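First subunit A sits with subunit B, and in the next complex the same chain sits with subunit C.
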Partner chain A sequence: MSGYAADVAALARKDLLLELRSRETLPAMLLFVVSALTVFHFALPAGSSARAETGLLWIAIVFTALLGLGRAFAAEREQGALDGLVLAPCDRSAIWLGKTLGVTAFLVLAELVALPAFALFFHSLSWELVAAVALADVGIAAIGTLLAAMAAASRARELLLPLMFLPLVIPVVIGGVGASVAANPGSFLAFLGLYDAVFAILCWASFEYVVTE
Partner chain B sequence: MSTWSRNRNGRAGKAGDASVAAALAVAATGLLVGGLALAFFWAPEDADQGFSQKIFYIHVPIALTAYACFIVGAWKALRLLGTRDRRYDLESYTAIHMGVIFGLLTLVTGSIWAKVSWGQWWTWGERQLVLFLILFLFYSSYFMLRYSTDPGPRRERNSAVYALFGVVLIPVSFLAVRIAGTILHPTIFTHKGANLPGTMLVSVAVCFAGMLTLAATLYRVELAGKRIDASLRELRELLA
Partner chain C sequence: MIRARELSKRFGDKRVLDGLDLEVPRGGFVLVTGPNGSGKTTLLRLCAGLAAPTGGELGVQAPRAAIGFLGHEALLYRELTALENLDLYGRLYRLPERRERSGAMLERFGLWRVRNERAGTFSRGMLQRLALCRTFLHDPDLLLLDEPFDGLDAEGTDLLHQELAERAGCTALVATHDPGSLETRATARLALV
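Presenting the complex of A and B:
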């Protein structure tokens, strides 16, 4: 394993290990997503279409991700570990990649509960929906991690993150909902892939500027 | 701190600045008046929409100018990240500030046009307006980011990275709104016909040049104001 990949793996492992021991973020995300789906059941009038239900699933996913992202740099901030990470002799983008992998893992784990719960409460899942969720996770985690690092440097961090995050993920929601309900999911899935690639490269290249003092 | 003030204010208050701004203001007035005169008296009335189509000569130049401001803002941000020269921070901020103003005007004029043409203030089928709404929300958060981060290199770089995200978000959202428009909200109306007659094209080009000059004038005035504001704050900090 090359040095860069080893750095990334160590950083991602640190986040997962930390979560495994403290159990702070993931249980909250799971509880939130199931509560949100329950709220949505009562928000939808009886006889609402499957399309409306699918749209609400995407809202639930975006807000659950937001909940996790708000905590993404909590440990670093509270313990001042980010300075240590920045000073460590590794490429700064490795910090972003490691953190993004950790966030993606949390999101996927939350969805392993959310999607079956959605199928149970509302209607069965299509493979397009699952593929779209998987693709969206990558983009959400990539962008969200960078914005969370930005927000961590500000005074109004809990307030700022959703404000910056939501306009940026509108294309993800468009792609995700389109892939789940449209007749030609292929073009929407391709769009999600394009979004992931573009923003992942941009975040990877610009993370260094966000964390260095 | 002293290097900061020198870099930040190195170009402030040059003797020629005011006269350049004045010349730009005169040029903007001339071009806008001329462009609108062409639009109202020379360009033919639109066969479909009649007189109400004249707002096209205001709405489209404003929208294009907003894009131009966002692109300039991102370019200055890129220069900031590349050169670490702090004066680009204020320049990028001012350009985005102008972009948000012109973006808001785009939403307002587009809304008026939609009301006159289709009887609705807002229609999700109109892609350009939806795109501007997304951009307006995105760039409004830019101000939140700036206001809630303490001044310094960290804020400058975070703002610059965010400005770069914006210029990438423009084509990505454009594509997203486009594919969403084809399937989720079928587009029934289109603003532009297949081809604009030459007279219309010339009129709209003159209006666009006028709007760009107007934006450049406002940019210079606002930048001078922001620089004075920044040096004043530094002076106050030094004295305190």
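Presenting the complex of A and C:
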């Protein structure tokens, strides 16, 4: 394994280990997404369109991700560990990539519960929906991790993160809902792929500047 | 090794460092003293590259891998054990035989018996010892130590003095409110106001 890949693997493994021990983020995400879908199930009138139902799934996914992102740098904040990582001679983008992999893993785990729950409450899952969710996870984790790092340095982090994150994930919701219900899902999936690529490169390249005062 | 000219740092309207000139030669041991808020911590963070100056010039002739930084916080993970914390840093610093080195550092600072306990269960003094293990783990050439004796008991203080004595060739910038015990080691003193 190359040095960079080994750094990323060590950092992602550390995040998974921390969550395994503290069990603070994933249970909250699971509880939130199932609760949200349950509320939507009772709130939506019978006979609602598939578009409306799918839209609510995407709202649940985005806010579940936001919940996880709010805690993404909690362990680093506690004892200033982010400074320790920034001081290490590894490429600073490895910190972002390791954290992004951890966030993606939590999001995927939450969706492994959310998607069957959605199928149970609303309608069956299509491959387009699953593909759109998988592509959206990458974009959400990439941009969300960068913004979470920026917010972590601020006193108003609880306020700042949603304010920065939600406008930037509107394209993900448009692409996700479009891919799930439109007649031509391919173009929406391609749009999500392009969004992932553009923001992943931007976040990867700019993380270095986010973590120094 | 460190050269600052007209170095300034401000946070919003507050000017913490204002036109500081500093030269620390290789092997120099500089005590940084001054009241709270005089910019000791900020100076160390600037030298470590954790913050960027807002004015002037700062040159530090040491790569990140050669800097040992001890801050106010331990820079450790509370949910990881002492050994896991050092192992993580050992990986990131690409240390050969990192497990052996981690074990040796823990033994040196009297933490070997608690190596498998989580850092979050440590007392303030034990956490400071673990932070010192992390600081010295990769044999740094440049030491940036902010209140290194904070929270240490008499034994911990002796261990740190011993460690500093063994690293006499290192360049060091040490911020402290209690310079007494380090006066004999110091080659210069910087008093911030």
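What we mean here is this: the second predicted complex is superposed on the first by the 213 of 213 C-alpha atoms of A that agree within 3 Å, B and C clash if a C-alpha of one lies under 4 Å from a C-alpha of the other, contacts with A are read in each partner's own complex, and residues count from 1 in each chain.
Note that in this section a contact is a pair of C-beta atoms (placed from the backbone, for glycine too) under 8 Å apart; a residue touches a chain by one contact, two chains touch by 3 or more.
Since the model is a prediction, treat every value here as computed from it, not as a measurement.
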Quick check on the superposed pair: does A:N184 touch subunit B, subunit C, both, or neither? Answer first, second, both or neither.
first
With the two structures laid over each other on chain A, which partner does A:L18 touch: subunit B (first), subunit C (second), both, or neither? second
Given the touch rule stated above, what does A:L85 touch, subunit B (first), subunit C (second), both, or neither? second
(Q) Looking at A:S154 after the superposition, I want to know if it touches subunit B, subunit C, both of them or none. Which is it: first, second, both, neither? (A) first
Q) When the two structures are overlaid on chain A, which partner does A:Y195 contact: first (subunit B), second (subunit C), both, or neither? A) first
Subunit B versus subunit C as contact partner of A:S2, first or second or both or neither: neither
Request  = State whether A:S124 touches subunit B only (first), subunit C only (second), both chains, or neither.
outcome  = neither
Exercise for the section: Please indicate which partner A:A75 is in contact with in the superposed arrangement: first for subunit B, second for subunit C, both, or neither. Expected result: second
Of subunit B and subunit C, the partner touching more residues of subunit A is B
Interface residues of subunit A shared by subunit B and subunit C, listed 212-213
So, in the complex, the side of subunit A touching subunit B is made of residues 146, 150, 153-156, 159-160, 163-164, 166-168, 170-171, 174-175, 177-178, 181-184, 187-188, 191, 194-195, 198-199, 202, 206, 209-210, 212-213
Given the complex, residues on subunit C that touch subunit A span 45, 48-52, 63-65, 67, 69, 71-80, 84, 88-89, 91-94, 118-119, 127, 134
Within their complex, subunit A touches subunit C through residues 3, 6-7, 10-11, 14, 17-18, 21-22, 75, 78-81, 83-90, 212-213
Subunit B contacts subunit A in the complex at 81, 134-135, 137-138, 140-141, 144-145, 148-150, 153-155, 157-158, 160-162, 164-165, 168-169, 172-173, 175-177, 179-180, 183-184
